[in-house]
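In the part that follows, the structures are each spelled out as structure tokens.
You will see chain A twice below: alongside chain B first, and alongside chain C after that.
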Partner chain A sequence: MSEQELQINPIVQDSVIHNTKTLTNLHSLTASLFGVSAGILGLESYYGFLYYIALSITTSLLFYVFKLAPGSLAEGRSVLDTGRYYKGALELWTSPIFNGLPGFILTWTLFYGLVRA
Partner chain B sequence: MAWLSRPLTLVGLVILAHGCYSAYEHTLLASTSVQHPASPSAAALPLDIYIETIVATFLICLGLVLGTGAPEPIQWHTWAGKIEREADKRSSLAGNADKEALGNPYNALEARSGFINIHKLHGDFVKYTQQLSK
Partner chain C sequence: MAQIPPQTLHRDPQLFYWILIPITIVMVLTGVLRHYASVLMATTPKKADIKAIREQRALAHGAALRTNYHVLSRKSFETRRDFLIEGFESGAYLKAPNQKGQPPANPMTDPNAMEGMMGMMKNNMAMIIPNTLIMSWINAFFSGYVIMKLPFPITIKFKSMLQAGVQTKDMDPRWMSSISWYFLCIFGLQFVYVFLLGSDNAASQIAQQMQAQQMPVGPMAPGQDPSKMFKAEAENLAVIEHYSVLDGIEERLLERIKV
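Presenting the complex of A and B:
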């Protein structure tokens, strides 16, 4: 976004921080949960990561449907447009995946070891 | 919908714990018992444990999503409009107490004493006293 655009349509930093924090909290919680479930299922190598990525995107989708869609659609935005709450679409869809990855691997290996040992 | 969050998460956790226990018992049994040539390999879990775990994961995930706080709009004009509307609603509910304190973030600017038109106020006052004396 250019400087001029930011001057015309200012952005509330507090809201940006609040939204990012909400999403990060949700994804670190769910990532450990997905690790538990991947460990119980005994997934190995790529399947575990694919499972994590699929479920993480599902979580983002659920978050969109239940939390973002009511306000976003009421404002007249198109479906899956997150401009009301996030600066970019990637902030909702991909960056949480990398935030939760360490937690996922931690609980994945732990539960794999517990169940399969 | 927020009330649904905790029950969903709790139910999901119980189902997940049960799935975990079942998977553990299954692998333990498969590793200790004598392998029957016709039986499926020990590594493969029964289908019901797969379904149970995935359903439990989905339930907890749904519960956690429902339990998260509401996001705030980031555009300044949307956000300011929202808090002003909320202040209106709150002041209509609870008398007209401190509407100025919440609401418009530019209130301090709009009520600046530097912009009072003192001549106009004086003219109004003169008219008022003339009305009174009549």
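Presenting the complex of A and C:
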């Protein structure tokens, strides 16, 4: 986006921070629950991580469907375009995965240890 | 090739009640304590001298005009620019006009600068003291216990970190001791704090360190000569080539409503 375009349609930093924070909180809470379920299921190594990545992307998808889609489709954007709320598509789909990972590993280890060992 | 049977280890279930749960509870409570300590220790900004405030605000005014000039029409921009440049160059906004050109005071003797450093010290202390205390507590009481098995394999390099104080050579590095549970708690307890304290908490030290790295430098860094900063700001304002966002608005509008 050129500088002048940015000045015509300004981006408010506070809103960007608020959107990111909402998504991060949702993911860090759900990631811990995913860890609980992965531990109870007794998943090990790759299966656990794949399980986490799949569920995390599903969370993002649900977040898109219920929270972002109404506003962004009404604005005339195409499906799965997150430009109304987030700067890039990666901000919705991949960066929350890394935010929730430590919490996931913690609860995964805890419940794996409690159930299996 | 024969499959290596997984190592099994019989552990007393009491290990969970007397090691795992206490460490976890202590870690959570420390985070909560750190949050409330930082809330209580937050200093209210001190009342500044009216001249000092005027100096800061004038600089901020110049910066705001420099970044937002495009929303002003040419005439009003030029009026504001000329007014500010005149004030900046004559030194009308300086806190102490007769100190112009003197070397800045030593920041160690300036009480305002000391205040800021004290705040930083407090934050660092709130991070370091609980960490050292808990580390030594765990080392004193719980060193040498194997309590859990990680659900994923890791390389042998982690053995010295995860099994510190456990002297068994052939044990799988997946087994972890109490000190590594502590490390997992440091990194992974963020969700608990979000759940307990809300998203704006100051409990997690990882998040705090990130904030400290991104801390913006204030407009008035201590130890800088304000009269020089005013001169620089006046120069910045003078070289701006003005344009307005409303330039060419007619064409853009017509383009948009073209059928």
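Everything below uses one rule, namely that the second predicted complex is superposed on the first by the 112 of 117 C-alpha atoms of A that agree within 3 Å, B and C clash if a C-alpha of one lies under 4 Å from a C-alpha of the other, contacts with A are read in each partner's own complex, and residues count from 1 in each chain.
Throughout what follows, a residue touches a chain if its C-beta (ideal position, glycine included) is under 8 Å from a C-beta of that chain, and two chains touch if they have at least 3 such contacts.
What you see is a predicted model; the values in this text were computed from it and never measured.
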**Prompt:** Is the arrangement of chain B and chain C around the shared chain A a clash or a fit after superposition?
**Reply:** fit
**Message:** Per the contact definition in the header, classify A:L106: touching chain B only (first), chain C only (second), both, or neither.
**Reply:** second
**Request:** Kindly classify A:R84 by the partners it touches after superposition: chain B alone (first), chain C alone (second), both, or neither?
**Result:** first
**Request:** Determine, under the contact definition given at the top, whether A:L114 touches first (chain B), second (chain C), both, or neither.
**Result:** both
**Message:** Quick check on the superposed pair: does A:S95 touch chain B, chain C, both, or neither? Answer first, second, both or neither.
**Reply:** neither
**Message:** For A:L29 in the superposed arrangement: first (chain B), second (chain C), both or neither?
**Reply:** both
**Complete:** With chain A at the vertex, the Cα centres of chain B and chain C span an angle in degrees (to nearest 10) of 90
**Request:** Using only C-alpha atoms, work out how near chain B sits to chain C after the chain A superposition, in angstrom.
**Result:** 10
**Request:** Determine where on chain A the residues touched by chain B overlap those touched by chain C, and list them.
**Result:** 25, 29, 114, 116
**Message:** Looking at the complex, which residues from chain B come into contact with chain A?
**Reply:** 1, 16, 19-20, 23-24, 27, 43, 45, 49-50, 53-54, 56-58, 60-62, 64-66, 68-79
**Request:** Mind listing the chain C positions that touch chain A in their complex?
**Result:** 11, 16, 20, 24, 70-71, 147-153, 184-185, 187-192, 194-195, 199, 243, 245
**Item:** Parts of chain A lying in touch with chain B, wherever the complex brings them together
**Value:** 9-12, 14-16, 18-19, 22, 25-26, 29-30, 33-34, 36-37, 40-42, 55, 58-59, 62-63, 66-68, 71, 75, 84-87, 111, 114-116
**Fill in**
In the complex, chain A touches chain C at residues 4, 7-8, 21, 24-25, 28-29, 31-32, 38-39, 43-46, 48-49, 100, 102-110, 112-114, 116-117
